[in-house]
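Chain naming follows the written order as A, B, C and D, and within any one chain the residues start at number 1.
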Amino acid sequence: MSLIRKPLNRRSILRAGALGGTALAMPTIFTSRAWSAGYLNEPTGSTVTLGFNVPQTGPYADEGADELRAYQLAVEHLNGEGDGGMLNTFSSKALKGNGILGKKVEFVTGDTQTKSDAARASAKSMIEKDGAIMITGGSSSGVAVAVQALCQEAGVIFMAGLTHSNDTTGKDKKANGFRHFFNSYMSGAALAPVLKNAYGDDRKAYHLTADYNWGYTTEQAVRESTEALGWETVETVKTPLAATDFSAYITPVLQSDADVLVLNHYGGNMVNSLTNAVQFGLRDKQVNGKNFEIIVPLYSRLMAKGAGENVKGIFGSTNWHWSLQDEGSKAFVQSFGQKYGFPPSQAAHTTYVQALLYADACERAGTFNPCGVVEALEGFEFDGLGNGKTLYRAEDHQCFKDVLVVKGKENPSSAFDLLEIVEVTPAAQVTYPPDHPQFAGGALGTCNPGA
Amino acid sequence: MFGLNKKDTSLFFLVLLLVVFAPFLLNPFPEGSELAQFNAGYPDLMQRFLIFGIFAIGFNILFGLTGYLSFGHAAFLGVGSYAGVWMMKLLTMNVIPAIFMSVVFAGLFSLLVGYISLRRSGIYFSILTLAFAQMSFSLAYSVLTPITNGETGLQLALDDPRILGVSSENGAIPPANFFGIPMRESFEMSAGGWLFTFNAGYYLCAVFMMIAFYIAVRIFRSPFGMMLRAVKSNQQRMNFTGLNSRPYTLAAFVISGMYAGLAGGLMVAMDPLAGAERMQWTASGEVVLMTILGGAGTLIGPVLGAGFIKYCENIFSKINDNILYGWFSGLPEGVADFLVFVIHPFIGKGWHLTLGIMFMLIVIFLPGGIMEGVERIGRLFKRKSSSDKNSSARASAAPAE
Amino acid sequence: MDAILLQILNGLDKGSAYALIALGLTLIFGTLGVVNFAHGALFMIGAFCAVTLSRLLSLSFVTIDETQKDFLGNPLKVETPYVEAWFGPQTGSAIIDWAVPLAILFSIPIMALVGLFMERGLIKYFYKRPHADQILVTFGLAIVLQEIIKYFFGANPIPTPAPDVFSGSLDFGALVGMDPNVIIYPYWRIVYFLFAAAIVGAVFAFLRFTTFGMVVRAGMADRQTVGLLGINIDKRFTVMFALAAVVAGLAGVMYAPINSPNYHMGMDFLVLSFVVVVVGGMGSLPGAVLAGFVLGILESFASMAQVVALLPGINQIIIYLVAIVILLTRPRGLMGRKGVMES
Amino acid sequence: MEILRVEGVNKSFGGLRALNNVNFSVEEGTVHAIIGPNGAGKSTFLNCLIGRLIPDTGSVMFGDISLTGMKPYEINQIGVSRVFQTPEIFGDLTLLENIMIPAIAKRDGEFKLHAFKDVSKDAEIRDKALHMLEDVGLAEKKDSVAGSLSRGDKRRLELAMCLSQDPKLLLLDEPTAGMSRADTNNTIDLLKRIGDRGITKVVIEHDMHVVFSLADKVTVLAQGAIIAEGKPEDIKGDPRVQEAYLGGAHL
């Protein structure tokens, strides 16, 4: 063994040590990241490490666990194990089931705790300690934006998990960050026509909005889309994130002349506010000669489970649902169901797809260099991953695809069969110009390879 | 030396050595070995050790000396962080003005909170500080979003003015730096299978930490420090001795608030984002736990407590089943399965459980925290050596009879 | 007017929950002098007693129905609860439906045991230790308890509905001659309020009219003297701890249908309950109940859109703000005694 | 010369009149004892002197400064120190520190942010404290924790703490309560010795032996009012005092 003189990074040394095992008595070598060529955490051994940063504790831990399951499945498929899942239906055939660029995929996991600080700390440790070349995951927009900014600064790719706020690819967009999940605007745009059909164009809406960033953008999106239909917004009230009992916010709704309640809530907030709203008999109420209705703009099956019976008949939107019958979805549900015994959630789906898309982009770019990956993903069009034809738009790194409008199922046949798809809103209907006011401000900047 | 007595000087140099050589000490396992999982010598965690060490040292000046248990110190750290990020947004990416303003703002805020809260003592004081901190957190998360950027946390943007610096460099936000040295910059040194990282940010933290530690030692040994201990011991007597305890406690409160602000400023200097969660009561609780775990009222205990908790948080939470199977790969499958089954609840997402159990064990068996453990071990050795002496003394006395 | 009435009603049941938790907390503090940070966890365990019972009652055996398919296309496995098989579908489903009220009976022995183990196994070693140690060890215990619950029940809220009979709501306005459909109040919340009132009444009666209660009250006032009288106060205090655990547990059981239980609901309530206890006055039982209702109602008022429009964010901080004002104007809370918890 | 003058002081708790129009003055350099049966208002009176209680009416003048409404630490700063019935010391601190604190308070005032001085190198204060400890015979225990002392030692420590401030007026609340006869005699000796320094003392005492060995003047308080005042030997023979205080028994 001679001295290793090529640009050093943690992984290469790790592998050199592990493989050779003879490098122990080597003289010391000093190097600085600023001098080394190439890019941060360049994998030089036979493996490549991805960082899965999901909430393992805190209110979204179950969603995080489902994301982690999907990532493990994706890693299996990328490494050529298992049945291949959506690799078989993916329109791009660059991936060969031998890892990424011939390197076996390994992963490290971290806990975001659904806190910006903790999420960044865990992402940093994966980058600095474990040499992760890409960070992905998360189940809230605050965390997604915070980690995306970190990855931009550090110089690795960030493939967002479940994040629905407009800002992730709006004012907080970053060149190194990509979002497959849909967003508040798309929810509003997809929901509005369905709501018009179901409830007419003369409605008075009352919004309860979780008092944080995601709540604001969702309220704005739904309000603007429904007002465009002719609905009137009677009142918008912000509710504290920490609230568990929403009765004090629900009862004023009874006294307003609103006939629709929009719950811009997610997770535990949504479960509790919806349960309270139903308890207070809102759904049995008649106002202005119409049945009182409740809408939940962002639905998730895991949350619907928490709300139990109360979701029946309530409209919302979702990124993906396991009952979709396209080949990609079927393959994914089959593969996931076989391994874990229950169908995947939308969080699992989007993270699985993100992992595949990243791997495919590296494969097509022929490098792990973030700038190469960014180039390969920008403007990339694909199909077969469960949402129909999809475009990764270059201007804001947002995926444009069909959006599902769903409704709580009246007669579920199993514990997983809680939502039924009412309409698949085509991508064209939810597409907006990159400079749409809801997304204004901020700039992508340029890709950062970190070296 | 530096006005410290001999014992404190050697303690100071011990801490200095530990801090300077931490990149070696925290990476005892060669890269690629199974135990590398337990290495803590990467910049982010090392910075955190020092930053939370500073936070805990400051908290200890209040709690350890005066006995006033504040449940709101995270608010000062948060205010410091926000002030720091705003400095980087408005002024320059040089971290010094940011850190300076962090300390100033945290000091001012703690002056306000302390002035009101110190009208009460005991648990009433604790609840008052808790109430202030929770109000700060709730408002920062919601209504104050224009200042704090709410849930996401206050972060830098490409179009920030930065009037003394540049808004952007080649399409990127310029890195936080100390007169041109980026905080992210690291030297890596490899020796055999080992890899050691020397990070610029870490050493900046180290400088501040040593200053903070030095000031704390001086305060502990000063008349002022003695008065603070007097507050804890008997406030009544203090008042009848001609001392006004309120300004003493307030000064201690503000000093510890400024330490918290310094920690907040360093946090954003290392990683320029300030999240509202760092003001939550659980974050305040964390520094209480650090201080008590390490040993309240001792000089170095809080630093050890901070290191202990941050280590658990960052290392245990990252161990998953795959890694466990890796460790036990030499064992028969059934045994490995069983071991993984037993350990599983305590690692990865179960790290809170481990932390909770450790807290309980330490509080039950070592009320004085880690420092008491160290002392007990020390005493054990001393007793052994002194009993040796006794026996040798007896032995030498024997022939004379 | 009706808006105000409604918010008072809303405040009542939130206040009930605060009052019940704070009652136990202050009972433990008053008798044992222990600051129990694990008290919220007892509330949470109570709620999970309801979840557990409804799960136990729904334990099922599996039959395979070839005519239906599951999501993977395999034959559907149909689950039938044992209770339904044993008692017939009608009675069986009725039993499952009544899981939450049944859980009251189920939870009493469990909570008493949990309380007993906590006191004998841990808390009693901390009577003489500083409050900070008590806070730390019970905080550790709270973390451990909630992590255990999370390990078995997951992190998501688990819906635990009230019996169907209580699922509707009462048109309160129509009852008192106002417009219908304006003042509506869910039946279960009325049940909760009445239940809480009954529990508070029972605890007070127990302390006032039984010898046991008298001794305990005397012990709260002056522990040493009572000890000198040769009364084994420790044993009684153990019982008090168990009682406080049962009260917190029952509060949790009945709260399950109002908000689906999750593992961190205890922590959510803990801080607020502490504020309630302190505002009421440490160690004062009537103070805890009073403060519980006062803060519950104030919180409801602060949530009104008109109020929030006037003072943005007030709904987020009202409880803390009130706590600060009360502590500064009334140093020992609303009904606190002198010398408790002061150096 | 009068060092302390109390005029027309009244203090009530609820309906209970604890002090009823008390007029009282202390001559500089004397030892003035206040005696009276339990519940006579002695402690209330002392508390009014040091600012722990504020009299309802009346004035308390220390020299030409009115003490009414002053904070306890302000009263101490102008030269009034107090020894409590149950010793109030800094139990967690060493004996030396216990004495250094009042000495620093005397020198530096009610508050000084001397956070960077090394207290152990403050020779002036340290010497004074050591000296004081020697005076009360506790020098060899200077580094032990004060809380571990016996009750008698604690009281001597407290006395030393007060003396280290060179007070103009020293208030002693039953300085020998609960002490053995030997300890009591030691304390009397000690108090006599410090009498030589010219410190004015007001002593509340139950123990007649102590009162008569120390006091230059005695005031008798009963039911919140002064019923007699005079030299010890006069008081001894005063029938009103025997009636009210000693219940007619002969001394």
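Some notes on this structure:
What we mean here is this: a residue touches a chain if its C-beta (ideal position, glycine included) is under 8 Å from a C-beta of that chain, and two chains touch if they have at least 3 such contacts.
Please read these numbers as outputs of a predicted model, since none were measured by experiment.
Chains that touch both chain C and chain D: B. The chain occupying the central position, as judged from C-alpha centroids, is B. Chain geometry summary: the mean Cα position of chain A and that of chain C are 36 Å apart.
If each chain is reduced to the centroid of its CA atoms, chain B and chain D end up 46 Å from each other. Chain geometry summary: the mean Cα position of chain A and that of chain D are 74 Å apart. Counting partner chains per residue, chain B shows two or more touched chains at residues 138, 141-143, 352.
Of all residues in chain A, those touching 2 or more other chains are 57, 61, 65, 211, 238, 240, 242, listed in ascending order. Residue positions of chain C touching 2 or more other chains: 316. Contacting chain pairs in the structure are A-B, A-C, B-C, B-D.
For chain A in complex with chain B, the residues that touch the partner chain are 8-10, 13-15, 17-18, 21, 23-26, 28-34, 56-57, 61, 64-65, 108-111, 115-118, 120-122, 124-125, 128-129, 140-142, 145-146, 149-150, 152-154, 167, 172, 175, 211-214, 216, 238, 240-242, 442-443, 445-446, 448. Contact residues of chain A toward chain C in the complex are 57-62, 65, 211, 235, 237-240, 242, 244-245, 247-249, 251-252, 254-255, 268, 271-272, 275-276, 279-281, 284-286, 302-303, 305-310, 322-323, 333-334, 337-338, 343, 413-414, 416-417. Residue ranges of chain B in contact with chain D, taken from their complex: 3-5, 218-219, 221-227, 229-230, 232-234, 236-244, 247-248, 251, 255. By the touch criterion given at the top, residues 67, 69, 116, 119-124, 127-128, 130-132, 134-135, 138-139, 141-144, 235, 281, 285, 288-289, 292, 296, 345, 350, 352-353, 355-360, 363-364, 367 of chain B touch chain C in their complex.
For chain D in complex with chain B, the touching residues are 50, 71-73, 76-77, 81-82, 84, 88-93, 97, 100-102, 104-106, 108-120, 122, 161, 165.
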